[in-house]
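Two complexes come next, and they have one chain in common, chain A, joined by chain B in the first and chain C in the second.
Entry: the complex of A and B
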């Protein structure tokens, strides 16, 4: 097969085949067990609901709120996480001081903080932003520390030989050499951050995709629940792909 | 390294003689390794690498260090560069102890070239000039000049992962030379190139040295290379290494067709435990 034809198969047909399998399984399940729409609506019913949803302002406001909370928290978490990770990687005494705190806090999953954030910040966006930042922060701290420690020692010697001071060495050599590893960590962190936003909204929020879904669940509009879940998945995948594309654009040197 | 120095067993005697001289300028461009010991901790126990190493390189001279693999030649370079601190003893440059960290007089080519993979070949050579305060334009121009000299004119915009091992080493050499260092440290810079290219590079390298006449400490495995490039050969012993012998090399010794060359080669190899006639 010729080049463009193969691209169509790889980029469009194969992914569509995967989605079709999932939809077929879904339809088969509800036909087999004769489930009522309130338990499991058909893919077609969900698609119709989604088509209606995307025409409402409220839906886009919910998506916007969730994305806004995510982006703010994500940026804060990545910047602070990389900064602390770099310090820990560069400065042995600081690493010794910070490691116990970091190691024990990072196993306290973000969700364990949800009750406290609601207590402290209510249902406002501040709690969600902090939660995302928290989730992302620890992923970035740990991977930055590790990535900086793994930088080829010759590169450090070369940097010193060329006249770089320790700050410049950390910034221009260590961080740059660690960047590809940081990019993949940032992508993994995005998934965790996005999950954290939605989870926090499920429990207590005044707007957002999570709230939209819990509201729909209480009024038993199951097709909105599932439609919302699909939107969460699509937005998450989109965010992850965007971060992947950004890091490729910045980091590739081939 | 001067021939007079070779006769004096280096170390204390040389140190005392120099102490009598008061003018600092006398030591300009001179590298002194004075009773240096070095050990590091590996797997919880200390390993002796250098055990009382002393020698001296006169300004503008080339000393080639040869010795068994793993005897600490690279450690010696690291010490001279100020990248490592000796366990005891001292290294002096321009009459003052070598500072740990940055040393603006220094250029060094490493065994693994250590190019920054995210920079083009040109940027790799220019970055040192930039950190040492040159303008972007000047750094670029000088980098291009030196890349031309090592025969990489067509690869300036390439990235390190597109280069062969030998080419990468040449970039490393260009990067060190472009700094126009007064002290040049080289760690087997021609190790990754084929025998023929190696001979060519040695010739070019000699010509490059004539440009600035830096003081050179050159680590190599290759005795013919040491004779071709060195004013003296520092023969190291097994680890923990000390200086076994310092062999002066004169102009005549470098003529590969001459008996003097053969004698120098045999002498050096014998120091390293290789006898010159292979018996049937």
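Entry: the complex of A and C
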């Protein structure tokens, strides 16, 4: 077989065979153990449930709420995180002073904040937005500080020689040199932020994908639970791909 | 002599060893952060009705001491129990699956894309399904933690099983090693050391999953305590429990990083460069 043909087999046919294997195993488990749909619905049932879900308004409202909370929190977290990270990377004494506080808060994982955000903000959007911002903020602070500290010293010297003041040097040289590392950190932060939204919605929310699947779980409509998980995965992958595409478009001078 | 912060800093830099300076600034920064917390708590206390919205650090410490004298050890052991079983099961199965999928090329081509498709769906998304399947209790939490750890470690295991250095491979051929010998002395050690690294990386995601699973199921462990004090609007106790989670996570991370440095000294230098 020639080169491209083999590639098609390897990249498309074999993975499809894998998916078929998993689906067949799923269906076979069902038929063999005669599992009721409450425990495990058939792949076909999940697919039809998903098809019905996307035709309802409530579903799109849940997706919209979750995405809205995510996007607001994400933007706040990235902007503040990069700002503080830049400050920490540029100003050595500030870095020394802020490191203990940042490092100890970093270990208070976002999930542990969920009950407190519910006490403070109830089941409203605000709590989730702040939770996502918190999750994203610490990823960005740590990676921005590291990226700025690793910028090629020659660049800084060239900037100083051209008469840039420290602010311009930080803004126009260091931040741009660190941009590729920031872009990959921004993608990782998106995955963490998205899952923080879902987790927060499990525990206290008035709408959203997390609430949708916990409600489905308590009413034992397992096909909706699995359908919802698939949607959470797709949205997460979509968000990550969008941020990757945006950062590539933005960084195309490389 | 002017006493602006910068001039103090410059003077300090000249006189003191650099580590000392870092310590001094760290202490000063922490003091400022604590002061900001106290001021904020004074401003915000009793914000909405009877609830103490933001207790000061002292109230939280008092609560922490009280909890430590009561149920802390019991709850912490329950959480760690779940975590340890899930972590070991997850890492071991990831090592096995990674080894098989990484070495058997066709199986890898067939099933690795599926692993890759499941990976972005964080283990957190499995919480409701796991409760439907296994109910509240140990099994569902162990499943979730195991899944979280598996999804992280499997990547390291596949990577480790494939990345046998080329010259070692050639040396092995030259020495006439059999397939089994090659597996035992080249592939297996490489894979296991990567699995060890992956298990350290997976610590935090596994611990985060324990938190969420316990918050949702709320039947035992630190997470159940957290939900309990949240439902009685006890903000100082909520913050004290959060600190317990953080300290435990930090301790596990530190211990494992130390162990890893001892076990895999050659990897440590590379890790540091990667960061």
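Everything that follows uses one rule, which is that the second predicted complex is superposed on the first by the 219 of 254 C-alpha atoms of A that agree within 3 Å, B and C clash if a C-alpha of one lies under 4 Å from a C-alpha of the other, contacts with A are read in each partner's own complex, and residues count from 1 in each chain.
Quick note on the criterion: a contact is a pair of C-beta atoms (placed from the backbone, for glycine too) under 8 Å apart; a residue touches a chain by one contact, two chains touch by 3 or more.
Quick caveat: nothing in here was measured; it's all calculated off a predicted structure.
In the three-chain model built by superposing on chain A, chain B fits alongside chain C with no clash.
Look at A:173: by the touch rule set out above, it reaches chain B but stays clear of chain C. Contacts of A:232 after superposition on the shared chain: chain C is touched, whereas chain B is not.
By the touch criterion stated above, A:248 is placed in contact with neither chain B nor chain C. In the superposition on chain A, contact of A:163 is made with chain B only, not with chain C. Using the contact criterion defined above for the overlaid structures, shared-chain residue A:61 touches neither chain B nor chain C, since it reaches no partner. Within the superposed three-chain model, A:154 lies in touch with chain B and out of touch with chain C [touch as defined at top].
More residues of chain A are touched by C (comparison of chain B with chain C).
Using CA centres, the angle subtended at chain A by chain B and chain C is 90 degrees, rounded to a multiple of 10.
Once the two complexes are overlaid on the shared chain, A:6 sits clear of chain B and of chain C alike. Look at A:93: by the touch rule set out above, it reaches chain C but stays clear of chain B. Between chain B and chain C, the shortest distance over C-alpha atoms in the superposed arrangement works out to 9 Å.
The interface of chain A with chain B does not overlap its interface with chain C at any residue. Of all the residues in chain B, the ones that touch chain A in their complex are 78, 81, 83, 101-104, 106-108, 110, 112, 114, 116-119, 127-128, 131-132, 159, 161, 175, 179. Taken in their complex, chain C has these residues touching chain A: 5, 9, 21-22, 25-30, 32-33, 51, 53, 106, 109-111, 113-114, 117-118, 120-122, 124-129, 131-133, 204, 207-208, 211-212, 215-216, 226-227, 229-230, 233, 235, 238-239, 241-243, 245-247, 249-250, 253, 275. On chain A, the positions that touch chain B within their shared complex are 152, 154-155, 157-158, 160-165, 168, 173, 176-177, 179, 251, 253-254. The residues of chain A lying in touch with chain C in their complex are 10, 14-15, 17-19, 21-22, 38-40, 93, 96-101, 104, 107-116, 118-120, 146, 191, 195, 198-199, 202-203, 213-214, 216-217, 220, 222, 225-226, 228-230, 232-233, 236-237, 240.
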